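Here is the structure we will look at, set down as structure tokens.
We call the chains A, B, C and D, going by the order they appear; numbering starts again at 1 in every chain.
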């Protein structure tokens, strides 16, 4: 079976499964690296993967540069072409595709036109952006489903997917979270990469991660300015992670560079790429996470870390009690962070997105018989 | 708004809507021709369209030749690339995409990544092949839905589409059917194109149309041999239409050529392309339609024409009482045709797929406010 | 080393070399099939190749359908993308590309951007169409050159190619010609495929092969009508081969079908695909070859067969005394054929395009050291 | 006529011509922006162009991200596809393509397959990398040639181009140089963008610009380390410009960032993008230019600025007396710079690459009759 990994985030969300597949002799793993996983300015993911004991079988360059929505569409088209060629030579019986980005859809589309069974993780979730539409479209092209939550699984059934092909596995990303949850933050101490003054882990720090919301494309600068102002004005040391490659990302980068070079973020360490483990340690130990990363809702709930969720990107995502939602304005963000001072420590760990054993469950399921690629709409009530 | 027409069949399914859009000053039509609509060996569709008073705004070559599933995937990828470029210059507010072929998905995908609202006709239907998966994936990328049947509309809601954005319009193809239903078959008499002995319209004739089933790719020759044998052995004059461009189509063509050149189909007129109107007149007046065309289920039910449906291609499609289902074996096909002799004339006209006024209804709906391209999963029951 | 074969004609022009490579243990052949070599309606070339004892390593679908110049450009672009992916995984040290079609350029371009040495056959020839420009562009991207004629080799040097990297090998297509030159035409007798009355090989017959001239695109119908009329009016039995896939080919096909169905070509056997050997036997034994095939100039000169060359397609190609040039009008064609009656038999065999041992020579040369992919302009006179 | 501009450097090399075209009513300019000209992290070229009074007609995203040679090939393929679509709708009579990058070839290739005349600037030059092969390949696909030097023009004729279609115009980039040659460097003073301590223009400064040499791909880190060390050790204030997007560029960026962040380049101002005029003022006034930019050979010779040319990138380029060639080692670079102290001021201005009036000359030529797209090999000596 082929697994297509397109980014560092992808890898974190599938790593435990990859390892579980490698341990099963009946499953033959072909790891394909694509999209931003191949771009060295996003960090050398291949080296990380090799260090984890996995060897990529193939690489496909699929990202078309450009800060416009059409570049994203063009990337998807190019991905389909490249992956169709690859699958024709590789001839996998199953292709596993992760989550909801454009490469996810390109992968599902190439495989399903080539009569290859598609397995999909994290289907059925509601998130409120183009990613959600893409995620559901991938579901309708997929044969195996590994949703993370109970409600997601129910939605897949409502959408006509066969319950026999759905395994509510939890998200494999939490397997990694479970493993590293108790690592010591000081292991990061002096090695935190990037630009800035560094972080004193004996004091509270914020973790900031905000991506452009592509369906609001055109307002990217406004989306990020409130967060910049809030972090600037609170003056608390912070780790700020650069956003994903995406329409609008170039504008975010520019705004962040301006703020940094203008001296407005003197206590911020800007970090481009982190091994998933380091990210999780940072998340586990931060005072709170700010921005619109899904990890603030998913991983942070498992870790009982408070989250200030900015804007609409996570609008409809299922959430646990660790999340406070605010708009893009700086004063809302500031107030929410201040209120957290009472909440920190009282938040309870949640298994909403998984219990930390998803990878094994999925690998077990995939060891069973391969489904025929011919799908049938599942009618779960009398029509 | 842009409408992408990819084949003669596409055009027949959208023509009445195009004309209704042209009549509304508040809607600006940009007609895009793609895929097989541009390939002259499939007939000059552009000339037909011009004769109907419509002028294409742009053309995109998107079909990659080749008789393998990867060619279909590659075509989809190329379609996304070409359409993304086109939409970037054209900047339509809405893109309408028709039915369920690979170009349909390419269109929806390019538009939705570019934050353009997608309108989709014929969503929600069950048909039992890769087309069905693609149709549902297109649904999940679309903002406006114009399903043809009540059950299709219900399925769209179950899949999370907002009922306010769904108009159960009926299929626009039936608008054309309604118009030409009473034209005289003898107008076709001496002008029937193609290769063969011609048809005597004063006597009964069969209409045959069978496409390869792509998810059974590899058995294309077997899929068509029973039908060839049945038609050969019954010895009734027949009009046989060539199959679509699709994986497997080249094999079908080869088998048909062999049978023809081997003298096994002396009473068959082979026709490559027909204006939609001529096809409908042929359908209206035939003794029965044989094969696996959806028109045998949709248009033929509206016209009260008996249909012998061969194989799995239409497995799950909603059907009216005009349809008899058989397997690929010649004896099953022969028996079903013989049994029809009693049924012909007793079949009742059905509005299952529309009442013949879909185009106007859809154009009215599209004249309303454009939906925001940000979709939200519709929860139709308490979760 | 990888060799990319894109059509039946390509294969005939490289087959003896492929066999010579296979016989040398120091050369590892990776045979890539692309473009029209994969399209079954052009005949199953893969089966022919397998029968010849060669096994393709990979296949790439690169032909975009469409009867317009932009489809040809799009095919080239798609070819570059597909071949770049392929070469990245295959990692050949040398890529050999044949002659002058769009796939030839796509191959040279993908390889040269990937720092792979490019070897090119048939460079330096003058032919008078877009193919010539493409051929010279391929030369400027290539590292090894295997021109067929002395003048071609001199032109390569004038264009700045290093004489050390040029081997005037003759064209490998003539190796095959040499081998089959004396086979008996009657072996073809009853097995000639296609549509028509067959050929009586005891009587004189014509061989007709005419391709659309793409830089005169738009006049395709006029290009072929004179030839149709000439063959029709002379009433001599003829074998007519269908044209290549190319802009304009669909129009040629249509004109030929009309003439055939209109009863104007009753003595013509229409043939779509022929094994190269069968073609050569037909050529060797025909009364004359008519049209604009390069084989009328190249292979026919080696075989001492008279040729009536129609129109501009071969305008500047070096030719031997077997060729008579005429325009597109039927009367010119008829007159030239009539005049041949005196010439047949007096024509002398020419080695202008090779002596029939090119494949071995090239394989010997390729067994030497691989050139560094960094080229340098060869200055052959003091500047 | 369409002009495709793919980067800031492209624009500088064609700007005077664009303005001359705009001034001629008989020429209709359609300006197409592609490749890195659209990528905001390379600066907003479109804004610069608009400020210059020109309005782009279309944009095409063609750069595939990735730090490997296959990404460059894939970009070329994608460029051909996108430009073929564009030209099909735009229908220009002439397409002008600039210099020698992959987009240049994509442009020439798309146009020439679509029977559009191609005009090419800067053909015939020798430079010693894949760019040179591409430049010559573009020449063989082009109909009009505007070489910059006498020897280049002679080479075009040797390569078979018709002297009637060749205008030895000089390079349009020098038109701009002529205009800005006497602007005051202090206008740049406080506005020099980028990261670093700024430059004191009352004191000598170096200008550094070095690109990865792609045919030596794999050694990118070694290519840049000597230059970094030389600049670090000399301790003279310097302006360092980031390299082009190209295979290897990401590695260069990483090395530069490391050196900067490691405190090894404290007197260096790192600049990403500059308006062409500002670059020329910097060049005009610098103590010397170091690296492998062609501007060190071309523009600098016109400006009588000394140049230390590092490595093989400009190996074969025609040069004037302002250039000293060195290898990649730091000591060679240091020594050459030290030796310059004697040379500065004694260097003479050269018209080798143009006299500063190329744009007008080319526009005059293009106002003449459009050549037929059918080319013919020019035989300049008796064969």
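Quick note on the criterion: contacts are C-beta pairs under 8 Å (C-beta built on N, C-alpha and C of every residue); 3 or more make two chains touch, one makes a residue touch a chain.
All figures in this text were calculated on a predicted structure; none of them were measured in a lab.
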Chain whose average C-alpha position is farthest from subunit D's own: B
Chain pair with more C-beta contacts, B-C versus C-D: C-D
Cα-centroid distance, subunit A relative to subunit C, in whole angstrom: 52
CA centroid of subunit B to CA centroid of subunit C, Å: 40
Residue numbers of subunit B (touch at least two other chains): 59, 68, 70, 74, 78, 81-82, 85, 88
Contacting residues of subunit C [partner subunit D, same complex]: 68-70, 72-74, 76-85, 87-88, 102, 105-106, 109-110, 112-115, 126, 128-130, 132-134, 136-141, 151, 154-155, 158-160, 214-215, 217, 316, 373-377, 383
Residue ranges of subunit B touching subunit C (in the complex, touch as defined): 36, 38-41, 59, 61-68, 70-71, 74, 78, 82, 195, 245, 250-251, 253-254, 261
Touching residues on subunit A, where the partner in the complex is subunit C: 58-60, 78, 81-82, 85-86, 88-89
